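What follows are several structures.
In the two complexes below, subunit A is the common chain; its partner is subunit B in one and subunit C in the other.
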Partner chain A sequence: MAIEFFNEMYQGSQVRAPYARLEDWMRAMPAEFRQMKQAEAEALFRRIGITFAVYGEGGDPDRLIPFDMFPRVFTQVEWHRLERGIKQRARALNAFLLDVYGRGEIIRAGRIPARLVYQNAAYERAVAGFTPPRGVYSHIVGIDLVRTGPDDFFVLEDNCRTPSGVSYMLENREIMMRMFPALFRENRIEPVDGYPDLLRRTLASVAPAKCEGEPVVVILTPGHFNSAYYEHSFLADLMGVELVEGADLFVEGGFVWMRTTEGPKKVDVIYRRIDDAYLDPLCFRPDSMLGIAGLMDVYRSGGVSIASAPGAGVADDKAIYTFVPEMIRFYLGEEPVLQNVPTWQCGKPDDLGHVLDHLAELVVKEVHGSGGYGMLVGPRSSAAQLEAFRARVIANPGNYIAQPTLALSTTPTFVNEGIAPRHVDLRPYCLVGERIELVPGGLTRVALTDGSLVVNSSQGGGVKDTWVLAE
Partner chain B sequence: MLSRTAENLFWIARYIERAETMARLLEVGGRIALMPQAGHGYRNEWDSLLRASGTASGFAQKYGDPVQRNIESYLFFDRDNPSSVASCIEKARENGRIVRTALTTQVWDALNAAFQEMRALERRPRSELELTQLTEWTMRHTAMLRGAIDATLLRNDGYHFLGLGFALERADNTARLLDVKYYVLLPRVDLVGSGLDNYQWQTLLRALSSHRAFHWAYGGEITAGKIAHFLILNRQSPRSLMTATGEAVGHLDALALAYGCATPAQERARRLLRQLETTSVEDVFEEGLHEFLTRFVQDVGGLAALVQENYLSGEAR
Partner chain C sequence: MILTVSHATTYRYSAPMRGAVQSLRLTPSRFDGQAAREWQVEVEGGIRGGSFRDGAGDRVEGWSVRGPVREVTVRVSGQVETRDLHGVLAGHRETVPAEAYLCASTPTEPDAALVALAQEAAAGASDALDRAHLLAAAVRAAIAYRPGATHAHTTAAEALALGEGVCQDHAHALIASAHVAGFAARYVSGYLFSDAAAGAQEAAHAWAEIWVNGLGWIGFDAANACCPDDRYIRLGSGRDAQEAAPIKGLAMGPGSESLEVAVAVGASQQ
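And then the complex of A and B:
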């Protein structure tokens, strides 16, 4: 099956406007120079320590995510539309969360089935009826987007809990600016380095009512064995806040405190990078070593804020995803700026029939899966793989959704043979607090293997710097 | 500062100092093994080194008899030995990774480079590596780390927790090293008797990088009294108990000043320093060198426990 892919740089032999200046840069770069620069970039990543830790597999525990030096570029006009769509979606998702932990209007109105919400594994009964500061549940919304044409963007999924990868957005830019300063003089590129400040302000803006004075913000990490530990420490450093583990915090007198060399210090806002289930052994998993006993009581009595709020995950479930356009209409009275990918729920008999009939054309995913695992890309699978997957879907249809195989856009990418188009996606990070903010940029992930549509770093994906041109 | 961060910094320093001590011990052993009459005292020598490093029982369990090659491996490479150079460097680096943002790039570089090179050393055949290469390698890297800390780190509380770690570990290590040799000093205070004893002392001084320094400071014959003075009470000697304790006091004073709050740890450290200041070599021998050192090691241990309680646990107010 031949699919026509949108190339973000070339239309035929014509170079699209945003990439005009990159054409010369690319042509003028001899292979040896490029290899030298690539080695330099890797050395910088290692030196700064931007690695993700992989334990228990042998080899070097500090791995690098492959960095591609060829930037991905958006014009101001393209970005403006994305920005509107992303902010709109972030608003609607938060309105939905506020609603389903409150009166449940959208369910009463019959727009979303109650079962999908209240029986969802990510729905936290423990916070039903509690309204977090400013009514915000998801303070950092990562929206995964793919592009299929000049004006066609689709939302692949929403991440309302703790989307990761923002450190790459920031470091990719730092490294590009160090290595190719001339590029940044020739092109006027919107900066992204305001992100840590915006994040700190966003978090401070949702401090609990009981907080007096300047809010104390911390980042809660599962610890240094976590694969994203670098990102946690990196953000803490840039925001100038403490990076804490569960054992550094304790609850006393209705507040959360951290253990410091000068004695206990009160904490007002916790940006947690651990899952709901591990937050508080008294409320969720009793065997959690990562959490803080009594945290949820303090949270519900307004002694501390947690970002994202416990329970936010119910909004980014793959089954709920289908209803996001409906949420936008229901809560905001607007039409969605960004489209969903058409999705079939295998749990519905009609949909299942369609999926089984068209398995070879579809992408099938597990409802709760992530990281590109447990997924079938129909057009790229053998007959045997298709049959094996068919059996799995039939055995447990409710566990799967299916989407058409999207013709993910490509951008030029440095590969061994020179420069070749590779498929990309985009994850911008939208901040929701007192205001809704979006830095002009995001994380572009690129599938480095020829023809591959899977961009996850666990599956051979790399990252690129993402530019938004200022004019 | 987060108590855990302070604890990580404190332990980076302790592990690095310990790695260096291990390397120095290995150097002592290697030199003594080169002596012509090593035959007789040889086995005792390695035994005493294992005891000085607190690794004797672990070694005996794994290898039995002290064979030089095995001891070298055990003290340098063996991850089963928590005090081996490799274990110490790995733990120091892991502590560093946890508090990466409390360190400058240069300090992290020094820690990380030591770790990466250590891994490369481990991959090389043991037969290609001379003992002196290993010990010099260790001292070079620990010196680079100290240099990076000294040249680039902000003089804030984190700096003082690092300094405290170095000082307490050094005080403990010097006392233990000295204690292993105390019996050589026993017979007569004024002159070390046989040629062998003399050589052992010279080697010990050399291992403490104090061989030349000692001669500059005292001149003349090596005597037990001079050596004890040099390693216990001399303020110029960088590894003496006096110097290490004085540094610990300095760092605790700085912390108390920065936090605007005195602590029992500070008080205890000052008391320990005062005791040293009012002690003479004669007093030390009067009490018994071994008894004196045992008491000192316990005092340092008590001080470390107070530091833990006052600063690193986050409990005290």
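And then the complex of A and C:
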């Protein structure tokens, strides 16, 4: 089965407008120069020590993720539509969270089955009935998108907890500007370096009502052994806030305090990069050493804000994903700007029948899986692999969803033989606080293996700088 | 009835600790069956933290104690006016829907024996309420009251296999079998006034609540083969004993902990 892939740079022999200048740049670059630059980029990444895996991808935490120097480009018009769709989705996901921890109107209205929400492992009874400042649960929404045509974008998944990888967006740009300053004079590219400041302002805007004066924001990390520790310290640095571990904080008198050399300092907003289960041993896992005992009591009595809010994960589950278009209609009264990938729930008998009949054409994923593991790409699997996977699905249908194999767009990528098209996806980072903000850009992941549709870094994926052209 | 409660819990540490933090669920629930006339919760030498009513309707209070500390005492005292509502939790306000209590947690994970117990017990039931009563009776018959036979982390399946346990085990086993029978069910902690040396009773008590459509949450005390009446004071709920614990605490430091509890519940007729 031959699938037509949309090439973001070429349509036949024609170069699409946004890539016109890059065509000249590419043609004018001698191979030795390119190799030299590639080595330079790698040395720069190593020097800054950015070697972590994107959230949940697994793999060797100290391995350098390959950086591809060929930028991925969007026009202003393309971006505007993406921006509208992403912000719309971020608003709907937050409205959903506020609702399911409140009156549950969308469930009463019969638009989402109660079971999917209230029996979901990510639903936290501990925060039901509590409204976080400004009603925001997910302050950083990472939305994974793929493109299949000039105007066709699909949302692969939503990340409402602590989507990582934004440091790549910032570093990729930084390194490109350092290595190819001329490119940034020839092309008018929207900047992304305002992200840390926007993030700090977003977090400050959700400080609790009890906060007086300028809110104190901290980033809570599980520690240096965490694969994304680099990103935690990088963001703390750029935002000008403290990077803390659980042991640096304590609760007293209804507030959270940070130990400093000048004595305890009150903390108003915690941007946590640890999972709900580890936040507070008195409320969640009693054996957690990473969190702060008593934190949830302070949070629920309005003494501190936590971003993302505990319980936000119930909105980004793969089973809930199917209902996001419905959320957009229900809460916003709008039609979705960005489409979902059609999804079959193997837990439904009809869907299961379809999936088993078409296994060789579909992508099948575990409901709670991530990182491209526990996943079947039908068209690229052997008969034996298909049969093995079929048995797994039949044994536990509720654990799987299936989607059509998407014809992911390609962009030119530097490979050993020169330049070749490789498949890409996109993760933009939408900020939700007093306002909804989106910097023009995101993290483009690229499948470096010829023909591969899996962009995860744990499976041979790399990253690219992502441009939005100013008109 | 007017019930008078005096409850002291003391944690002693073998070495001085750097500090302690507690989350207390020690205030009587607000519903038609009970109203606190006066009620005090105090952690000796502690600093009161935030307090709030959670999604399940429970009043929660955070406390902390600065170190060095060798001993922490939580004192509860007060008077509650109670009425017999035959176990029905009428007039209780909460946000968490019953559907959130359909899933098991570790201690209420059903095994084959619990599934069999629930299926046999519920077989001849005339309606949902009857089925819930039959489940409670079956759990009572299968697990004899014997203090010391089980421990804090014994699961429902283990207690059933043993055939012995205390109120916590009865509650866990009833929750597990109610889940098997398709009910939402949860764990409740509270106090019980005992007017005689009637054996199967503990002043610091626990029981289960089962959701019956049309009636709402109904308490079932399998340990005492009855539904909570005016001898009971309800404090808080959760999926299991750990979640519903009236005191959750953590002391920071190297010392080991020992616990001493004194509870007295007295009654005076109005």
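Everything that follows uses one rule, which is that the second predicted complex is superposed on the first by the 461 of 471 C-alpha atoms of A that agree within 3 Å, B and C clash if a C-alpha of one lies under 4 Å from a C-alpha of the other, contacts with A are read in each partner's own complex, and residues count from 1 in each chain.
The rule we apply is simple: a residue touches a chain if its C-beta (ideal position, glycine included) is under 8 Å from a C-beta of that chain, and two chains touch if they have at least 3 such contacts.
Quick caveat: nothing in here was measured; it's all calculated off a predicted structure.
Student: Once chain A of both complexes is superposed, is A:Q119 in touch with subunit B (first), subunit C (second), both, or neither?
Tutor: After superposition on chain A, A:Q119 lies in contact with subunit C alone.
Student: Looking at the overlay, does A:T261 come into contact with subunit B only (first), subunit C only (second), both, or neither?
Tutor: A:T261 sits against subunit B, while subunit C stays out of touch.
Student: Examine A:A236 and indicate which partner it touches, taking first as subunit B and second as subunit C; both and neither are also allowed.
Tutor: A:A236 contacts subunit B only, not subunit C.
Student: Answer with first, second, both or neither: which of subunit B and subunit C does A:Y101 touch in the superposed model?
Tutor: Only subunit C is touched by A:Y101; subunit B is not.
Student: Between subunit B (first) and subunit C (second), which does A:L376 come into contact with in this model arrangement: first, second, both, or neither?
Tutor: neither
Student: Who wins on subunit A residues touched, subunit B or subunit C?
Tutor: For subunit A, the partner with the higher number of touched residues is C.
Student: Have a look at where A:H224 lands relative to subunit B and subunit C in the superposition and call it first, second, both or neither.
Tutor: In the superposed model, A:H224 contacts subunit B only, not subunit C.
Student: Can A:E245 be said to touch subunit B (first), subunit C (second), both, or neither?
Tutor: first
Student: First (subunit B), second (subunit C), both or neither: which does A:I143 touch?
Tutor: After superposing on A, A:I143 lies clear of both subunit B and subunit C.
Student: Would you mind listing the overlap between the subunit B footprint and the subunit C footprint on subunit A?
Tutor: None.
Student: Quick check on the complex: what are the subunit C residues that touch subunit A?
Tutor: Its residues touching subunit A are 19, 21-23, 47-56, 60-62, 64, 66, 94-97, 99-100, 102-103, 239, 242, 248-250, 252.
Student: Would you pull the subunit A residues touching subunit C in the complex into a rising list?
Tutor: Touch residues, subunit A against subunit C: 101-102, 104, 114-115, 118-119, 123, 125-130, 250-254, 281-283, 286, 293-294, 296-298, 300-303.
Student: Help me check something: in the complex, which residues belonging to subunit A touch subunit B?
Tutor: 47-49, 224, 229-230, 233-234, 236-237, 242-245, 247-248, 258-264
Student: Name, in rising order, each residue of subunit B that touches subunit A in their complex.
Tutor: Its residues touching subunit A are 1-6, 94, 97-98, 100-101, 105, 108-109, 112, 157, 161, 255, 259, 261, 311-317.
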